[in-house]
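What follows is chain A paired twice: with chain B in the first complex and chain C in the second.
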Partner chain A sequence: MGCKTSREIGGMGHPIKRKEDARFIQGKGKYVDDIKLPGMLYLDIVRSPYAYAKIKNINIDKAMAIPGVLAVITGKDLEKYNLHWMPTLMSDTQMVLPTDTVMYQSQEVAAVIATSRYVAADGVEAVEVDYEPMKPIMRPKKALEPDAPVLRSDKEGKKDNLIWHWETGDRDGTEKVFQNADVVVKEQIYIPRIHVVSIETCGCVADFDKVEGKLTLYMTTQAPHAIRTVLALVAGHVGLSEEKIRVISPDIGGGFGGKVPVYPGYVCAVAASVLIGQPVKWIEDRTENLQADSFARDYDMTCELAANKNGKIQALRIKTLADHGYTDAAANPSKFPAGMFSICTGSYDFDTAFTEMDAAYTNKPPGGVAYRCSFRVTEAAHAIERMVDRLALEIGKDPAQLRMENFIKKDQFPYQSALGWEYDSGDYHRALEKAMDIIGYDDLRKEQAEKRKNGELMGIGICSFTEIVGAGPSKDFDILGIKMFDSCEIRVHPTGKAIARFGTKSQGQGHETTYAQIIAEELGIPAQHIQVEEGDTDTAPYGLGTYASRSTPTAGAAAAKAARKLRKKARKIAAHLLEVSEEDLEWEPGKFSVKGAPEKAKTIQEIVFASYTNHPQGMEAGFEATHYYDPPNLTFPFGSYICVVDIDRSTGEIKIRRFIAVDDCGNIINPMIVEGQIHGGLTQGLAPAMYEELIYDDEGNILNGSLMDYLVPTAVESPKWETAKTITPSPHHPIGAKGVGESPTVGAPPAIANAIIDALSHLGVQHMDIPITPYKVWKVLNEKGAALEV
Partner chain B sequence: MKTTIEKTFEVEHPIDQVWAFLSNPEKIATCVPGATLTEKVDDQTYKGLVSMKFGPVAVKYNGEISIKELNQEDYNMVLSGRGLDSKGKGSADMVMNGKLKAKEGGGTEVFNSMEVSVTGMLAQFGSRLITDVSEQMIKQFVSNFKDKLNISGQTEDPSEKKDNSIDGVSLMGAVVKSKIDGLFKGNKEAGNDKDASES
Partner chain C sequence: MATKPIKVTLNGTEHSLEVEPRLLLVHLIRENLSMTGTHIGCDTSNCGACTILLNGKSVKSCTVLAVQANGKEVTTIEGMATAEGLHPLQEGFREMHGLQCGFCTPGMIMRATELLKQNTNPTEDEIRWGISGNLCRCTGYNNIVKAIQYAASKLNGTEMPAELKEEVSAEE
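Then we have the complex of A and B:
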């Protein structure tokens, strides 16, 4: 895409350096733990060692005797104010602190408030809790057995552990196709429970001013406005009124969905500050973050794909068992308990499909957050991309060929999917062709055949995913009733410099740069003179925050729309200044000129100055606009990834030799930021493919609850990522952009898994669950008699 | 998480003397590193305490030991114990099986197995080391057993208290050392053989 604006203006398409990096790379970012207020106290949390236990007694005497410990808050204390339970974003209920039962290991049991972080930790150590352990239910299948004990006995009339059943598509029509299909393939695919492991853990500083009755809450949240409203709804009855709540989300060190939910620690800090009247800081440590904060994934999917003998795919059926832990604390839009899982038909032209899901309570921590994916899209993409490879193996067709034959064609867009989505635009053939060209697909297949003759293991894996992002249109999308629009407010100062505020919140995405570029594109004010501000609910317009790749599709669109309102005003002022009619004016980035007389022109800076100094009579003075953007549809980014692996037959070690990611996210705002997003996302896709999984034993213990055992890949493990792009603009988005942050996290795991399984397929391997570790491969090699003795 | 450790060793004492020692909870408990009996509930049931320090985690299990099987005919006994940490950091369950076999020419072969299952902080933080620590524990148990058996043979005072608490530092040191030795020797037993612990 050529740039419409000059380098000086720095509108869309310019790879300008990130404005925020000046502070980040110098260690000058201001994160929540950098906030220090006079008289600030510290909160630390007593956590349950049991996955399921009755609390018989909590003895706080020894803790209170420690000099510097000011208070210990228990569930019984919160019960007095009816604050011991809170709603989740999915309208389930969650304990703030328990009064009688703990439901998962590491659950918050009591909060200790002290004059220093160290004293608070000593206080935690001194709190004595008398538990009566019970046998936990750790597997969703067990939880749904008819005689399973009911975990949520707090819910009146609850007779089982089923949270909800959800289904969509044509059950009977799909069954009919399956009955008559030439080929049916079926696999059990498990996507394990993983964690976002953002570099910064969660935390807050709650500062309640007793005189003003105002709460200022500095908090690691991706959705500050929603938090303010939730606080007002939950704690309204104890006097927290929405105008007296200010949520400030400072710099955030990674969110990835994990900083959307409200954790008990936040509420305890607020309660403590209100109670004591002093600021209270709570910052999780790494282990607490990993063990108690919202997990992601944990879907056990039974997938079936029907096709004719030529490989024309006909129907898809997926039945999923979802483990939500002890409460449904996912952060999906209200009407979508399984998020956007129904994107599982992927990039393929299906006649019919059906998917259903049972969500179960277990004694695991709650969650189901959209870890760098737009609400369960990662699970959906993994299912379909594995199944397409599985079909290719079954009928002996090349997986690239099979994909090409079944892709939705370019001229079918806008495309109505079998499960009800209207895909906005796409060109799947071009993306896969490009990936195949870059990596030299045909030569790789020849090489693979040669290597197999020599007993060497090499695999090629493809993933051609379709994402669904930008939630979302208000007719279907809300969280706790609040519609999922987003907003931008632009205020241009007399000298032509601007501040723009948004309802979203960057956690590393580079909003301060990209939003400025969108406004620069529309108004011609240089991006470097547009200051972007987010995260302060006292100043920013209302919006639902940043997750699910929604910032560009919603707030980015709002920026363009607000800027266009200003350009309209600018045209009027220019006409007034140049004494011509509006129709006689021509816009080029940064100025209006008279048609046919380009020397008669007014720059945007002159026009803005006039709006304060010489505005036309009858026109409002000043140069400000606000827009709340309600998207007409979601956007559907896509891409084709190809991964090449070599496997060591003696150790099972997997080496990713090459990985090409061809992404199409529509029009690009800043190619350098897109590239950076893709690199990061691919590494976070590598993580579950080969390393990460939260493992629980049957007693409810987390067996890898620290970074000693939970393997997060670093630069050392990451291969050299190769990237390329195609551009298929979104037809309904004001700037044709689609969102990119999550595509690579969605697309990388199936590409890697498919490559590894491809390397082993001639040995009879049809499927392996992620993470595919060297140990798993080594075991398979031994089972198949293909291992080399060291 | 669960770990099972088995150990067979020999003592030179006659089988009936060894059995008299093994089958008496008051005697055998003193061999368990860090354990003390605090109360006899009845002939089959005792209350007791086990203290352990495990890296950053210090636990004091307060619990009950009961005799599940005591069969002199084939010299077989099963003890089970269950303890909760007094500060609420977790629990431990243990099933110990002791079996004796008379050796030709005197002496006794002692087979001992312990199935230990822990929940809570020890399981969370110590899962990778629990097998090694349990092995160290059983080594100490064996050495205590032998010592006390000798003493009981001589002085008739088996419950005499030597230093019987687990020294966390030395125990950890022993684990680390055995791991390091294992690395250099390529010794699978001392290395982190994951199959040894089922989870």
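Then we have the complex of A and C:
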């Protein structure tokens, strides 16, 4: 991509090295557990061994007798202040601590506060809880049976375990198309419960200053401003008013959606600090994090696709059963309870679709966070991309060919999808062609045919996904009523160096570098002279945080817009300094010059200096601007991925031979960072495709609740990713960018699943649910009589 | 709880302390000695975020008791740069974009330090196996492998693979 700015300025398109790295490579990052305040106490949590039980009694005497244990907080204590329940992001209710019933295994039951981490853990061991276990409901199907016991009996009038039913599209029209279609394919596709496992777990330090009445909360949060407002709303009645709450999100060790919700531990730490008047630190263990923090996915989808005999797709229908655990704490902050699931028509041009969903309560932990994807887009993409392959298999057409024939064409954009989205831009054919060229698709198909003759198993899988990111336009998107705009405030100092603050919060995405590049692009101030700050609600402008690939689409746009306000001002000042009219000036990155007399020029640094020392009379002094950006539409990044696998017939082992990811995220701010985001997202797509799943037995026990059993891919499982790009700018975004962090997590699982199933399709295999493990493959090989004896 | 006296040298400085026998080395480093560059990412010895050098050998400091480090030398990420500048591994991680959130990075660098001592010119496969006790959730490992290759070339004086050179010469 051609860069408009020089290397020195380092605007858009320059692969500049990251500004934030200096501290991270020297061990000088400041993560929440690195914070140590004078007099700081430690909080640890007693958790339930049962998935569903009555609490008959909690005896804290032995715990309190341990030297150094200062307090044990239970639900009954919180109840006195009406703080035992809190709202979820979906306006459901969640216990902070239970007063009488626990609803999932590892639920928080009591909080122990002590002088050290170790003593707090001793205290947890010594708290005696008397439980009366009950039979949990672990499967959403069971939960929705008419005679199922009602789990949320705390809700007045609640007579079943249905949280909501949601539907969109044309039910009757879709039915009609299905009745008349030449070909209908149908699959049951389950996307299991998984966990984000950011390598840093969650935690906080709550520091309540009794004299000032001010709470400072250092917290692993992706959305500090939203947290401040929520705290003010739920704890206003005990004296925490919003100007007295400061949320600081320090360096964050990965988020992926898992650091969007409010967990009970945070609230307990705040309550403890307010109660005791000393700072309180809570840092969860990995095991607690895996077992109690928000999960992702858990969608059971019945998918149907209708087509004519040539494979022209005519309609899609999906019925989903969603397991939300005991409360709806999903992160789908929008009018749509299933987030952006209705992107499920994908990259294909057809005008009839219908999708409906039932969400159920069960005795599992709450959640429904992203796992590095925009709200529920991964589920949607998996459904359509699996079904397109399923259709190709049914009619005997090459899956690449079938996609090419059904893609929305580039001159159809902006494209109105069957389920109501307006796709901003795309060129799907080009992305898939590019992926096919790079990987040598036709040769691979020939090789596969040869191998099959010899009984060898090799598969090629394609995924041509369309993402939907950048939440979001205020008409549809809010968190508890707060619209999902985002913001940027730029202050340029007299010497031409700047600080820019944002309402978002990087968790590794490199905002300190990329935001500086956007401003450098617009103002010509070198990126290295622009300091970026996020995460402190006392100083940063209001914004809804970083998740769902929204930072570039929203705050990135705000940066460009704020910078453009400043450029306007700069033009006025330059005209004043050069004694010409504004129209006589020409802008090139870093300076204004007089048209036809390029030697008469003022650099941005001179202009900024003048704004403090010699500003035109009647103009406001200084050089600052703020912009709150409410996007007119979402952005629609896309891509085509191709995966090649070889399968060992004796063990079922799956080897990813090659994987090419062609991504299009519109204009690129920093190609090095974009590529890095794609690599990371691909490994996080590999994870659910082949390794990860949170498994529960019918008694409610989690069977793989630690990193010993929950398999996060290492460098050995992760293949050497190949990447390439096409660039189709977003027409409505100020810098034409679309956002990228999550595309690969969305696109990789179907590509991998399709490859494995393709390797086995000639044996009669039509579908397999992820994670597709060697054991699952080995079982299939045995069933089909295709396994080799070892 | 009864305490034990220990002497530990951390990044060249000797410390004499009284510690509980159950204290983990990682907590000794982070809390008692306030060097927070070494991180904690799990409670089952799986993630490697806590990796340090104990007498030059990389170990997961969450799985060693502080008292076991008595009389030994501990090197953490804070001890890697010298007066001359960054360690080639630190440089490599920055040049090759081998980190995103940075949480796994200190552990990765400490593990790679020993890896490159044992094997001065590892293949890509040897690097991947060599860091398989360390989890990274952000980078997908491609660039971590490159960062270690970069450092290997710098340390053993061999030519850098072409793929890496391209990235180094990319604009700063």
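Keep in mind that, in the parts below, the second predicted complex is superposed on the first by the 789 of 790 C-alpha atoms of A that agree within 3 Å, B and C clash if a C-alpha of one lies under 4 Å from a C-alpha of the other, contacts with A are read in each partner's own complex, and residues count from 1 in each chain.
Just so it is clear, a residue touches a chain if its C-beta (ideal position, glycine included) is under 8 Å from a C-beta of that chain, and two chains touch if they have at least 3 such contacts.
Keep in mind it's a predicted model, so treat the numbers as computed, not measured.
Undergrad: Comparing chain C with chain B, which touches more residues belonging to chain A?
TA: It is C that touches the greater number of chain A residues.
Undergrad: Please indicate which partner A:Gln291 is in contact with in the superposed arrangement: first for chain B, second for chain C, both, or neither.
TA: first
Undergrad: One more residue to check, A:Gln105. First (chain B), second (chain C), both or neither?
TA: A:Gln105: touches chain B, not chain C.
Undergrad: Applying the document's definition of touch, where does A:Ser706 land relative to chain B and chain C: first, second, both, or neither?
TA: Touch partners of A:Ser706: chain B and chain C.
Undergrad: Pick one for A:Gly27: touches chain B only (first), chain C only (second), both, or neither.
TA: So A:Gly27 only meets chain C here.
Undergrad: Would you sort A:Thr93 into first (chain B), second (chain C), both or neither based on which partner it touches?
TA: Neither partner.
Undergrad: Could you tell me if A:Asp130 is touching chain B, chain C, both of them or neither one (first, second, both, neither)?
TA: Only chain B; A:Asp130 stays clear of chain C.
Undergrad: A:Gln766 in the overlay: touching chain B, chain C, both, or neither? Say first, second, both or neither.
TA: Neither partner.
Undergrad: Considering each complex separately, which residues of chain A are in contact with chain B in the first and with chain C in the second?
TA: Looking at chain A, the two contact sets intersect at 287, 706, 708.
Undergrad: Can you list the residues on chain C that touch chain A in the complex?
TA: Contact set of chain C toward chain A: 20, 22-23, 27, 30-31, 34-44, 46-47, 49, 76-78, 80-81, 86, 90, 93-95, 97, 99-106, 109, 124, 127-129, 131-145, 167, 170-172.
Undergrad: If you look only at chain B, which of its residues touch chain A in the complex?
TA: Touching chain A from chain B are residues 1-2, 84-91, 117-121, 123-125, 127-128, 199.
Undergrad: In the complex formed with chain B, which residues of chain A make contact?
TA: On the chain A side, the touching residues are 48-51, 105-106, 125, 128-131, 133, 287, 291, 695, 697, 699-706, 708-709.
Undergrad: For a test of understanding, state which residues of chain A touch chain C in their complex under the given definition.
TA: 7, 10, 14-18, 20-31, 33-34, 36, 117-118, 196-201, 251-254, 256, 285-287, 507-510, 672-673, 675-684, 706-708, 712, 714-716, 718, 720-721
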